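Structures incoming, each one as C-alpha cells.
There are two complexes below, and they share chain A, which is joined by chain B in the first and by chain C in the second.
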Partner chain A sequence: MSELRRAQKSLETVRRAKEMLGTFYRRQERRREGAPLAWCMAGVSSELLYAFDLPWEWPENFGTLCAAKQVATRFCEQAEADGFSQDLCSYLRNNVGYVSRAVELGATPPEAPGGGMGTPTMLLGSGSICDPRIKWFQALSSTYLPIPVFHIDPMSPPHDVDPRDPRIAAHYTELLRETVQDQVAFLERQTGRRLDLGRLRAALANAQEMIALLWEIQELRRAVPCPMGSEDFFTGAVVPLLFMLGEPEATEYFRCLRDEVRDRVARGVGVIPDERYRFLWMGLPPWYNLGFFNAVGELGAVFPIETVYYVGAPVEIDLSDPLEALVERSWKRATWIHDWGAEVIPENCSPSGFSAPGTRLIRQWVKDYRLDGAVMHRTRSCRAVSWGQVHIKNQLAEEGVPSLIFESDMADPRSWSQSVIMGQVRGFLGAVEASKREAARA
Partner chain B sequence: MRPGSDRCVAGVDVGSTLTKVVVRNGDVLASATDRTQVDYAGAAARLLAGTLGRTGLVPADLAYVVATGYGRRRLPFADREITEITCHARGVREIFPEARTVIDIGGQDAKGIKLAPGGKVVNFAMNDKCAAGTGRFLEVMAASLGLTLDELGARSLGAAAPASISSVCTVFAEQELTQRLAEGVPLEDVLAGLHAALASRIHRMVRGLHVEQQVILTGGCALNLGLVRALEERLGTSVLTPPDPLFTGALGAALLAAEALERGETPPNGPRLAELSAAAAEEASRDTIEGDGRRRVFSVRSKPKPYRAAGEFNLPASDTAAGLPRGGVDAGALFTKAVVVDGERAAFAILRSEGDYRRVAEDALAGALDVLGTPREALAAVAGTGLGAAKLALGRELSEITCLATGIARLFPDAAQVIDIGGHGTRVIRLGPGGAVKDFAVTGQCAAGSARILEVIAHLLGLDLAELGEVSLRSTSPAEFVVGCAVFAETEAISSLTRGTSREDLLAGLHQSLAARILAMARAGGAPGPWAVTGGGAKDAGLVARLRAAPQAIVVPPEPMVVAALGAALLAGDTRAR
Partner chain C sequence: MALTGLARARALYEARDDRARELKAQGKRIVGYLCYFAPPEILEAAGLVPYRIRGDIRERVTDADQYVEPYGCPFVRNTFDQAVKGRYDFLDGVVMAHSCDSVQRMYGIWTHYRPAAFTHMVNVPHTVTPASERFFHRELGLFKERVEAFAGAPIDDRALEASIALYNRTRELVWELYQLRKSNPPLISGAEMLEVLIAGGGLPAAEFEELLREVTAEVTSRPDGPGAKRARLLFYGCINDDVTLIRLIEETSAHVVMDDTCIGARSFLGRVTNGGDPLAGFVRYYFTGFQCPRTYRGTDRSRFDYLIHAARQFQAQGVVLYMLSFCDPHKLDLVDVRRYLEDAGLPSLVLEDDYTLTNLESMRTRIQAFVEMVA
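Coming up: the complex of A and B.
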C-alpha cells in the first residue's frame, strides 16, 4: 500500500531492538510441541510468567505486527465473516480471524507474519483497560480453541472514594490478593510446577529497575530538541514494557536506550533537524502506518510524550514477600491513577473518573515538555482509549493550547485515509502557527 | 409437459434500484427491466403490461403473477409475494441444478444463499447497515470516473499491480480512488483494487455460509467480469454466472408462479386484470422500450453529466494594496475549482475532476483567466489545495482548512466560523483575527451525515441540488428522517415515499435532520460573528434555511464552492502560509 509506511526509527538502540530482545523476537525457538504455552493479554504480570519459566505470546502485540505487515485486514475480515462485529476491537478481530483461519487450514496461515503464533495450551486474560477483553479469550476457547482460560479482573477505585481510607484500601487489596493467589494456583495446575518465589522476586526487582529507567527516559524527552519521538517510543519501548517486564534483557535494553537518549540530550541532538512544533500524542498509534509520525516530522513536528502506555514514576514496593509485592504495586498504581485523574490514562478508569480531578498532569506536561498542542487519535474500535478526548481538547483550549482529533483505527487500516488525515494535520499546523503568533503578540 | 407450465405466468422483482420482469409460458417469453421509481407499483405494472404487449399477449392471458424483491409488498396486480431469497434460489436452480452457493449483488443490498443438494435454501446472509459490499459501491466509482459499469470491469482486467483501496465506506472509497489516481497509479490498477475490495467485503458476508461449489453470482454486478475475476480469486473457487444474471429473481418468481398453478391454485383474476389493463393503456401511450426489448438503464445511469461553470464576483473593498493577479486551484474529489484574483475582482471556473488532474486544473485555471481576459503569464503566483494538489505542480500546496479560512475572512471579515458542507463530509472551522484558524472539527470516517445524502436524494427525485430547497421550503410538516448511511438514504427515502410522505415533507425532514447534525458540530465554537456556509451544501437553500436555526447569523458567499480556491489564490506567493 503506497501510502502506509513503517516508521523510520531514529535511535540506534531501537533499531537494534530485535537483536537485543531475543526472548521476545525469537520466541519461536522457545516453542516445544505439546509443552505449555500461554497466550496472554497486556495486564497479565509477565514477572509471574517469568517466575514459572512459562513461554508466552501476546495476541495484542501480534495484532500490531499483522497491522505493520499489512495483513490485519485479511484477519479482521475473517473474524467479521464469522460474525464478530466490525465495531469490536481490531486487535480482537485480528486474533480471532487469525485463529479462525488457522483452524480452517489446519496450519499456520501463510500470510501470518513472523511464522505466526504458537499453539497455546492456556489463555491468560485480563479485564483491565477495556470490556471486549473480558469476552475475547472466552470466545476463542468456546469457538475455536478448547483450552483453559484464566481471567483476572483488577479493580480500580471509583473517583468519589478516598483510596487512602484504610477500609477502601483493605477492600481492594484483598480483592487483588485473591486474584493473584488464584492465578498462581491456576498456573501451578497448568504447568505442573510450583511457583519459584526467588525467581519472582528477581523479576520484580528487574521490573522496578526497568520502570525507573523508563521514567528517566521520559524525563529526558523534555529536552529541546527532543531526543526521542513517538515513532521510537512505539516501536522501541512498548514491547519490553508491556510484554517483557521483569526479563533481565529488557532491563538491559532500557539501560542502553536511556544512555543513548541521555547522550543525545548532552549533545543537543534531536529527532528531526528543524523542530518547529512539539505535540502531545494521545491515543493508540496507527500500527499499520507508524510512518505517519515521520510524515508529520517532515512538516517540522515532533512528539516528545504520549498518554498511552504512560506508567509514571516507579512506586516503592517491599520485595520480601514477592506475591504481596505484586498486590502492593497494583494498588499503588491504582492510587496514582486515582490521584492524577482519568484524563491521563482513561483506559484504566471508570467514566465517572472524569468528573473530579481535571487535567492537571497534562497541563503540567504542556509546561514541562514545552508543548505547542496535542494530536489525538480517535480509534474507531477502541473506545477505552478514545473517550474523553473532546473533554481534554476543551480543557487545553482554555489554556490556549490547540488540539487536533482525527479518526481512524489502531490495527484496521480500512479506517485510514491518508489524504484526509494529512489535510487535517496541515490545517492543524496552520492553527498552531496562528496560536503561536497570537501568544507572541500577547 | 407438466400441467400448468404452459400457461402464461410472470415474475416481478422490484429491487431498490431496478425492477425486473420475466414472462413465461413454459419457457421465457420476454424479460424487461426499468429503474425502480417512487411510484414503484404503478411503474412495475406498466413494465409488465408493456412486456406482455411486446410478446402479443394481453393482461387476460396471465394466469399468475408472483412478486418479489424489496418492493414486493402491495403490488395490487400480484397474486402472491415471495421473498427474494426463495425466488433467487429457485431461479438459480433452474439454470444451475448443481448450485450450492448463490451470491446476489444488488444495487443497495447483497446476499449470500446456501442451498442443499436439490436446491432447498438452508441458510442465508445479508449485508449490514453499511453500503460497503453492494453494487452501489461500483456504481458510485463508475460515476466518479465517468465510466460505464461494463467498462469498469473490463478495464480492471488489464491491471498489472492492483492498487490497495482500504476504505470501507463507499463514499470515502471514492475519495481514496481519486487520491490513487492523483498519485499517478494507472486506472487499471485502481479498478482492480476496487474490485478486490468489493470481493473482499462480499467474502466477509458469505464466509459464514461455508461456500461450496457450484458458486453462482447473480444480480447486475455479475455482468462485470472484473468482479467475477476478483471474487474467484478471493473465494479460491470458480464463479459461474447465468446468461441473464439481472433476472434471476424474476425468473424464480415466474417459475414459482407456474408451480402454484401446477398445485392447482387458481386465484381470482379481477384485480390483476384491472390493474394491468389500465397500465397497458398507459404504457401504449409511451414508446420507450428499446429494440432488444430491455431498457438498458445501467450504462445510462452511471455516466455523469459533463460540468462546466465559470463567472466572476467582486470582493469587498480592502485596505491592503492590490498586487499582481494570483491564481488558486482546489483539486477536489469531484470538482476542480480555480479562482484568479485581480484586485477586487475574482473570476472562477469549475470543472468535474476527471482523468488527468493536472490537465483539469490547467483547464480550470485557463477558464478563470478567460473570464478576466488575463493571460497566464500575468499571474504572479499560483497555489493549489485539495486532494489532488500534490500532483498539480502549481507552485505551493496549501491546507484546505487554511484556504477556506482565508477565503471566508476576505469575503466576510467578521465571520466567526466556516461551515463547509462537502460531498465527503462537513468541516467546521473556528476563525481568529484575520482569518487565522483557531480550531476545526471534521466529520469522521463514515459518510453518514455528509452532503452526499443530498445528492443521492436529488438524484432519486430527479431534481438538481439547487432545486431541493424550493421543494423543501413548501413543507408544512417535515417527515422524520434519520440521517444514516449516505448511500442507503435512497432506500430510506423510497420507503418513506411509499408510505405516503410527500416530497416536500421528505426533503424538509432530511434538511432538518442534516442541519441539526451540522449545527451540533458548529455549536462547540461560540465566538460572536456570522457563520459562513460553503461547499456544495451551501447551494441547497432548504438546508441553509434550516441552518438559520443557529444562534448566529448565517451568511453564504456568492460562489460557495470556490472559497478554498479563492483562499489559495489569496495565499499564493505568501511565504508564511502552509
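Coming up: the complex of A and C.
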C-alpha cells in the first residue's frame, strides 16, 4: 500500500479547501437529531436541497473519501461477501459495504473516515450517467435501509437527434420538467415543508456565478506553463462543484481559486518547474492514489484539462421562475454538450452542474490546451465513464495525438499496480518525446 | 423435402440470417434491432422486415476491440464485432433502444463506424412513472415517423392494427407452447423452445406464426418428446441467444420448463392491446409491463412476484440465475432475487459467464450438484 499516496496540492486555495468549505467537511454539524437527512447521487440538484434547507450527504463522495483514506477495500469486500459482484461500481460497493457493516455493528463502523455518514431518512437518486445509479438505491433500500427512494429521470437525445429541433426540445424538456416537479413534490412530502422559491432563486444565482468562475478557471488553464493541474482539480474543485453548487461559500471559494489561478498565469507560475508534456486526463481519477498525478509530474508532465466533471460554458437562464430556470439550465447545457459531439458520452441532461465533453470538443482542446497527448484511465468497475476512450483515442490519432490507456479503478485499489502503470507511463512519455523530436526536425 | 416444425426451427436457428438474406435478395428491406423496446410491429407495418440482432457465442470478439472497450456487456460487444466483420451487411437499418448503458453507448459507436441507411435509437426512461410513460409514448411516435420516412410512406392505421394482431397471434402461440411445458415430462424441451424463439427473431411475423403452428402440431403428436428427468428448473437472467447452456442443463437430467429471459417469457408472453391508441398499447407492453431489470420498479421485493408465480405455475423446483459479466442491471437485482426465491422455498444456482461458455465443464459439475439438491 505504500505505493499509494495522496496528492501534493499546488494551489494555496486548494490546500485551504477544507477550511473554506467548512459546512461540507464538517457535515456532522449539518445533521439534526430526528430531522430529515438525504443521501444523494451526483445528478441531483444541490440548489434544490439547499432551497429546502435539507441536510444532504453523498455516498459517491464518501466512496472517494474512503478510497483516499485506504478503507474502501474493506467496505468493497463486505459488499462482495453480501453477494454484490466485483464487476459493480466500486463507489456502490463501498457504500453498500459501509451500510452492511453499520447494520451489522448497529453503529458507525470505526474505520469509516470523518465519522462516517449520517443515518438517512430518504435516498435521492438519479437516472443520469449510468444504470447502476438507478439500481444502487433500490438495492440499498430493499436490503439494508427500508426508507423512501426517489429518482429523477431526465433523458438526453442521442447523438443523431437534433436538440435544437423545437419538437425534440419540447419532448425532452417536458420529461425533465415533470421529473423535477415530481422530485419537489417528494421532498415536500418528506420534509413537511414547501419549496422556498426565493431560496432556490438565490442558490441558482450563486450557482450561475460559480459556473462562470469555473469556466474562467478552465480557460486560464490553457496557459503555458499550466497554472492548475488535475491533482488540484480533483482535490479542490470536485467537492464544491458536485456537492455544494449554489451554496455561497462554494462560490466564494471558486472566486479565490480563480484569483489565484489568474495570478499564477500573470506571473508565469506553473504546477511543475519544468513542464515538458501537456496531457488530457480522461476518466475518473484513482482516488486512493491522487499522488499519481504528482508522480507523473515528476517526469515533466502536467494535466491542464480533464474530461470528467466537465461543466462547459455558462448558459443564461431566467431566474424569475426558479424551477423553470433549473430546467432551462439543464437543457441548455445538454444542448451545448450535444453540439460538440455526443456519440460516446453518457446522458448529459441533468439538473446537476456537470457532464462530459463531446468528441469534437476534445479534438478542439488539443489546440486550445496545446496538448501533447491523452492519458486515459480505464476503470473496470465504471464502464459508463470509461466507455468511449478507444473511440476518443481513434479520434485523437487522426489529429496525430497519441494516447495511453491504462487500467485500474477509481475507488478499489486492489486493481492498482504502481510498477506496471508507471512503466506504461514512462514508455508513453518516451514515445511522445520521440514524436516531438521528429516533429521538431521536420 | 422442405423442413417443417422443429427441424425447420433448428435449421433457421443454425443458419440464422439465411432467410433475411433471401428476403433482401427479393427486394425487401431488413431492419436489425437490439433489445425489445422498439416495437417490431411498427417496422413490419411499414413493410420492412424486422430482424433481431444476435450475438454468436462461438465467435471470439476480435475486431471490435479497435473501437470499443474490453469491459462492457460481452453480448453487445459480440454483436458489434460481427457488424465490424461484415456479418450484418445485409441490414438496411439498425434500431437500438436505450435498454441499458451498453446498448445506449454502443449505438453511437456502431453508427459511427458502421453507418446504415436507417439508424435510430429509441430512448427509454429508467423509472415507471406517468411522466416517463408519456415520454415513451412520444418517443414511439417519433420512432414511427422515422420509420415512415425511411419506408417512404405513412403507416396506415389498419396496417398497424393488423401487425399488432399478427404479433399477438405469435405470442398466443408461444404461450400455447409454453403450456406444453407444464406436464411432466414436458412435451417440448427448453432447448427446443429456445431454438424456435431464436429462429422467430430472424423471420417476418407471418412466417414465425406458421413455424409455431407446425411446431405445436408436431410436439403434441410426437411419441418421443423429452423423456423423464430428475428435476424441473426455471432459467432466469441475462440474454441467452444460444441453446448450448440449456442443452447442458437438460443433459444433466433437469428439464428447463420455464424462463424469465429476454428471448423468452419476457418478450413473448402477454399481448399488446389492439384498437384505440396503438402507441399506448406499446407503452404498456414494451415499457410498463416489460420485466427487464434495467427499469426501476420500486424497492419492494414483491416486484419479483411474477417470477415466483411462474415457478409455481410450471412446478419448477429450482431456479438457474444466468449472469453475464458486467451486466449491472441484473447483477444489482441478484441479491434481492436470490433472497426472495429462498424465502419462497426455491433454491437457486448462479451461473456466471462472459458470453463465451468456455467454462462449460465447471458449469456442468455445478448444475449436477444443484440438480441433486433440488431433485
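Criterion: the second predicted complex is superposed on the first by the 425 of 442 C-alpha atoms of A that agree within 3 Å, B and C clash if a C-alpha of one lies under 4 Å from a C-alpha of the other, contacts with A are read in each partner's own complex, and residues count from 1 in each chain.
Note that in this section a residue touches a chain if its C-beta (ideal position, glycine included) is under 8 Å from a C-beta of that chain, and two chains touch if they have at least 3 such contacts.
No experiment lies behind these values; they were computed from the predicted model shown.
S.K.: For chain A, which side has the bigger count of touched residues, chain B or chain C?
M.R.: Larger number of chain A residues touched: C.
S.K.: A:430 contacts which: chain B (first), chain C (second), both, neither?
M.R.: first
S.K.: Have a look at where A:165 lands relative to chain B and chain C in the superposition and call it first, second, both or neither.
M.R.: In the superposition, A:165 contacts neither chain B nor chain C.
S.K.: Looking at the overlay, does A:174 come into contact with chain B only (first), chain C only (second), both, or neither?
M.R.: Touch partner of A:174: chain C, not chain B.
S.K.: Would you check which partner chain A:321 touches, where first means chain B only, second means chain C only, and both and neither mean what they say?
M.R.: neither
S.K.: Is A:82 in contact with chain B, with chain C, with both, or with neither (first, second, both, neither)?
M.R.: both
S.K.: With the two complexes superposed on chain A, say which partner A:298 touches: chain B (first), chain C (second), both, or neither.
M.R.: Touch partners of A:298: none, neither chain B nor chain C.
S.K.: Looking at A:380 after the superposition, I want to know if it touches chain B, chain C, both of them or none. Which is it: first, second, both, neither?
M.R.: In the superposition, A:380 contacts both chain B and chain C.
S.K.: Which residues of chain A are in contact with chain B in one complex and with chain C in the other?
M.R.: Overlap of chain B and chain C footprints on chain A: residues 82-83, 378, 380.
S.K.: List the residues on chain B that touch chain A in their complex, please.
M.R.: 163-164, 166-168, 172, 175-176, 179-180, 183, 185, 200-201, 203-208, 387, 398-402, 405, 424-425, 429, 432-433, 436-442, 444-445, 576-578
S.K.: Considering the complex alone, what residue numbers of chain A touch chain C?
M.R.: Listed in rising order, the residues are 82-85, 87-89, 127, 130-132, 134-139, 141-143, 146, 149, 151, 153, 155-161, 167, 171, 174-175, 178-179, 182, 342-344, 346-347, 378, 380, 383-384, 386-391, 394.
S.K.: If we count contacts the way the header does, which residues on chain A are in touch with chain B in the complex?
M.R.: 1-3, 73, 77-78, 80-83, 86, 299, 378, 380, 397, 402-403, 405-408, 413-420, 423-424, 426-431, 433-435, 437-438
S.K.: In the complex formed with chain A, which residues of chain C make contact?
M.R.: Per the touch definition, chain C meets chain A at residues 65-69, 71-72, 98, 100-102, 104-105, 107-109, 111-112, 119, 121, 123, 125-127, 129, 131-132, 134-135, 138-139, 142, 293-294, 296, 298-301, 323, 325-329, 331-336, 338-339.
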